[in-house]
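Take a look at the structures below.
Shared between the two complexes below is chain A, which pairs with chain B and chain C, respectively.
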Partner chain A sequence: MGNKLTRNLYMIPYSLWIVLFVIAPIMLVLYYSFFDIEGNFSLINYQKFFTPVYLKMTLSSFWYAFLITLISLLFAYPTAYLLTKTKHKQLWLLLIIVPSWVNLLLKAYAFIGIFGQYGMANSLLEMIGIGSRQILFTDFSFIFVAVYIFIPFMILPIFNALNELNPSLLDAANDLGASKWTAFRRVIFPLTIDGVKSGCQIVFIPALSLFMLTRLIAGNRVITLGTAIEQHFLVTQDWGMGATIAVFLIIAMFFIMFLTRDRKRGV
Partner chain B sequence: MKKLLQLFIAGIILSAILLYAIQAMNESQGYSGENTLTIYNWGNYIDMDLIKQFEKETGVNVIYETFDSNEAMLTKIQQGGTTYDIAVPSEYMIDKMREEDLLIPLDHRKLPNLNNIDDRFMDLPFDPGNKYSIPYFWGTVGIAFNPELLPNKTFTSWNDLWDPALKNEILLVDGAREVIGMGLNSLGYSLNDTNKQHLQEASQKLETLTPNIKAIVGDENKLLMQNNEAAIAVLWSGDAADIMWENEAIDYVVPKEGSNLWFDNMVIPKTVKNIEAAHQFINFMLDPEIAAQNTEYVAYSTPNKAALSYMDEEMVNDERFYPPPELTEKLEVYKNLGPKMLSYYNDLFLEFKMHPK
Partner chain C sequence: MHHKSTPTAKIFLFIIFAILYTPIFFLIFYSFNSGGTMSHFEGFTLDWYKELFHDTRLFIIVLNTLVIALLSSLIATIIGVFGALSIHAYKKRMKNTLLSLNNVLIVSPDVIIGASFLILFTFAGIKLGFYSVLLSHIAFSIPIVVLLVLPKLMEMSPSLVDAAKDLGASNWNVLTKVVLPYITPGIFAGFFMALTYSLDDFAVTFFVTGNGFSTLSVEIYSLARQGISLNINALSAVLFVVTILLVIVYYFITQRTNMKGVGIRK
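On to the complex of A and B.
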């Protein structure tokens, strides 16, 4: 009995946290989304969301988030694989994680310098004979910087999954005559798919609502849902519309969690 | 467990000691005393020597805090829990703060220096009779350009920006009123226009400008212009002054069709604790010599007519920052268009940003 009581006691901080900082804010967001700019109860925000402007914005947000996630994955998987083969795994891992401790804004400003007309990137292009070109404020620079920022979060879960992989399984595959590619396709990848999934979740969802980079690196040439939320809360003070976009982002998030959920194996 | 408890208690004791130390330090500097004045201003927007001088003359202790956007300032004053005695919002924010009852009326009897302000800048639509606010600095929206990067180009009109030769050269400021206003001005409409047809026309015209736009940015435009990364920027005259200070090649022009006239104004927000000192400070800043010194430091345009005679002549005669009357007549102050219209402006601006290059 006493055991149960203490267990319930331990639940208090957790439930308080969840109610105050997860459930209550989501409810507030939902509540605000039903008010128009003059504070009247209405569904106009939802109606407005389904106009071409916001639908286009949603599509482009998803497209960029998808590209960012895909490119991160393409670079992260081999990197993580290589890391598990190195001697000082933890050191290499640390080196990959360290940049994520630096403030995002600082990194963005650094890239403005690097990608600028007279920046390092253009000097390099100049040197190898391609000649300087506009890099800053393009789709390329936006995706590059976003991938740079998110890639540690993709590497980490994949690395953990690969690291836990039992090497004897590979030996077994080898003994049974599997080629390297087959071993990867049939053994390694399926066993690390959970790492890939959580990596994709951690990257895709924040990428969907990136806002600062869209201005600093893409010069507002890329407009994501995050940019629109920021504008509605800070500039127009149209909290209702901002909240409505946030509601759709939350729905998108649940949808992605559902798509990448852990299916129990063997069912 | 015991160790954890000890650590916990040690933490609490340490915090208590630190808290006491902060209290003691504040008291020794007189911060918790009666006679303090908390000023909430934009970053780097006052000559700090003047604050020292004010402290010396009046014996008031000044706490100086800064904000970087009107909206951030509004939120902090709305939420309460702050003790700002003076704030310096822009004119459109004053309307809003007045509507939300966040401002304390000024006692003009305590501001004898008020008559130093140019009559042109008194009694403006955002605050009739200057009941709540006194102009601190003013300026325009215009075109900053770098002749070294653009030989043989001159700018006199907004329409010069539509020149096809300027492909991918222009930085716009990330503000709906500024950009849509520029569209309206270029068509000869008022930048307070609420006629939706005119607004549509303006946004269609702006969309044809997209090939020339390099980026739509915030404060980064200063950095980009200074470093010759961009040749043209549409921005506030204050930012232009900062850029020109850093990079002498750059020039600034207020287009002939007219533009926006903006003001930053001293107000007493309802979070005030020391009304007396707040009035003392406003009056101090209105003194001609003080205002002149402050203007030479900040390099924005001062509304203080009496101060002009104490200032460097070259600065006062600079028509880019003190435009001649023919042009000032065409400058318009933003009117509060109401949330619905503002939201319409913003939707147009959002569409404009999303317009493919």
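On to the complex of A and C.
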């Protein structure tokens, strides 16, 4: 069949890509995780990973990612909801997305200025009479900037889900005597849960690996899994340990994808 | 059913927008500061812009970034379109397997992609520099193109292809005269999305860039680590203006095509 032949021809570059850039890198990460810093085959990296130092780092990394996701969601949901009620909603949505096109590092750099010793945030605090304090290089600044960077990606899927919601369902809930809160809890939220899920997935996984923010904003006070991987690969050159942490991050990633997977659609 | 938005709602939205835009305007504001810091505005100056436009090193880096972005999105679009076509031709089970493999790089954190590509290039003996960055950008853009082209293919009625075949079109003709024109919007969306990803990427490039070669994100990172320098502010102002212009152009193009689309359907 000619059809099959052309299909196989189309397939060549794409399957090469799958083999070389999807499967091979994961295999290589796994392979490298079994070598110590001198290049000898060993399980020492895995032993090291299960010591309190690394376990604590993993836990705190998950904790920060969880906080970042939760706070983004708490702000993104009402924002998305209110956006769907505005007149020119597509234009407003575009205005939400525009900041996400500004280079992430420029935004981080802006916060170095805003949160700095004599920065805008501190002058504001002095004006209200609280007085200036150390903001940069704290947990607060790290979480704030991370939420700032991720919130458009959380708003977008929730907005889309809310926008597709059939308004007559709300009318029905209203007519049947549901209070606003009940309508939200029983109708709106369950119907937009897919948007929430994909928003959480888009935010949580990158939040585990934000090494540039921990370096620039948190001043190495917060060490995430991403920071540790970067450290091992580019600074201490201990690729084996870096690869081991990467293996666990990959496992976490598949687990999260499994949790937030879309059950209805199989494509 | 449109509720009038309450004042609280308006204030909430206002605060969100204010927070979203403050850092950007903050950067731009201090790019005109003759004082050289981001905390005390001394006087108006355009010196930082002058310095920026005379910085040939930075100019080369901007060129590098653009070349990488355009080249990688172009190649990724070609491979991605063929990938989408072949995925589309498979039966359900194989299709799902391929799609899961396709999505691995989309959901992977950048650090993982960067670290694993670094291992890959070292393993394969590819020198870090232009080609390693280009290959990485092609690699992480392909799945995005596939994801944006595939829905268009699914939406296309198979009878279009059957009709073309009955009328004696060769496979090549079916592809170029029927399928490709139909999925063109998806192809463009994929290309532009790949472009955005490439221009925006920092982490992957940071891992595979080596010493001699740099893109804008990597350069900003190393400048920002050294502390505040208002060149970066001037640079961000220029980039922001370019972004806004692109957004306006994009907005008008989509508005026009939307109207055209409606016109055809009616």
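Going forward, the second predicted complex is superposed on the first by the 246 of 267 C-alpha atoms of A that agree within 3 Å, B and C clash if a C-alpha of one lies under 4 Å from a C-alpha of the other, contacts with A are read in each partner's own complex, and residues count from 1 in each chain.
As a working rule, a residue touches a chain if its C-beta (ideal position, glycine included) is under 8 Å from a C-beta of that chain, and two chains touch if they have at least 3 such contacts.
A quick note: this is a predicted structure, and the numbers were derived from the prediction, not measured.
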- If you stack the two complexes on chain A, which partner ends up touching A:Ile223: first (chain B), second (chain C), both, or neither? first
- Which holds for A:Arg215: it touches chain B only (first), chain C only (second), both, or neither? both
- Message: A:Leu234 in the overlay: touching chain B, chain C, both, or neither? Say first, second, both or neither.
- Response: both
- Should A:Phe75 be classified as contacting the first partner (chain B), the second (chain C), both, or neither? second
- Task: Tell me which partner A:Glu38 touches in the superposition: chain B (first), chain C (second), both or neither.
- Result: first
- Query: After superposition on the shared chain, which partner residues are touched by A:Met57: those of chain B (first), chain C (second), both, or neither?
  - Reply: first
- Message: After the superposition on A, what does A:Gly116 contact: first (chain B), second (chain C), both or neither?
- Response: both
- Between chain B and chain C, which makes contact with more of the residues in chain A? C
- If you stack the two complexes on chain A, which partner ends up touching A:Gly177: first (chain B), second (chain C), both, or neither? neither
- Query: In the superposed arrangement, which partner chain does A:Gln134 touch: chain B (first), chain C (second), both, or neither?
  - Reply: first
- Query: Do chain B and chain C land on any of the same chain A residues, and which?
  - Reply: 112, 116-118, 215-216, 234
- Task: Write out the stretch or stretches of chain B touching chain A in their complex.
- Result: 69, 71, 168, 171, 174, 176, 214-218, 220, 223-224, 227-229, 339-340, 342-343, 346-347, 350-351, 353-354, 357
- Item | Parts of chain A lying in touch with chain C, wherever the complex brings them together | 2-3, 6-8, 10-11, 13-14, 17-18, 20-26, 28-29, 32, 75, 78-79, 82-83, 85-86, 91, 94-96, 98-99, 101-114, 116-120, 123, 148, 151-152, 167, 170-171, 174, 201, 205-206, 208-209, 211-212, 215-216, 225-226, 229-230, 233-234, 239, 242-243, 246, 249-250, 253, 257, 266-267
- Message: Which residues of chain A touch chain B once you look at their complex with the stated criterion?
- Response: 37-38, 53, 56-57, 60, 112, 116-118, 134, 136-137, 215-216, 218-221, 223, 228, 231-232, 234-238, 241
- Query: In the complex of these two chains, what residues of chain C are touching chain A?
  - Reply: 1-3, 5, 9, 12-13, 16-17, 19-24, 26-27, 30, 37-40, 78-80, 82-83, 85-87, 89-90, 92, 95-96, 98-99, 101-102, 104-105, 107-113, 115-120, 123, 139, 142, 146, 171, 175, 196, 200, 202-203, 206-207, 216-217, 220-221, 224-225, 228, 232, 235-236, 239-240, 243-244, 247, 251
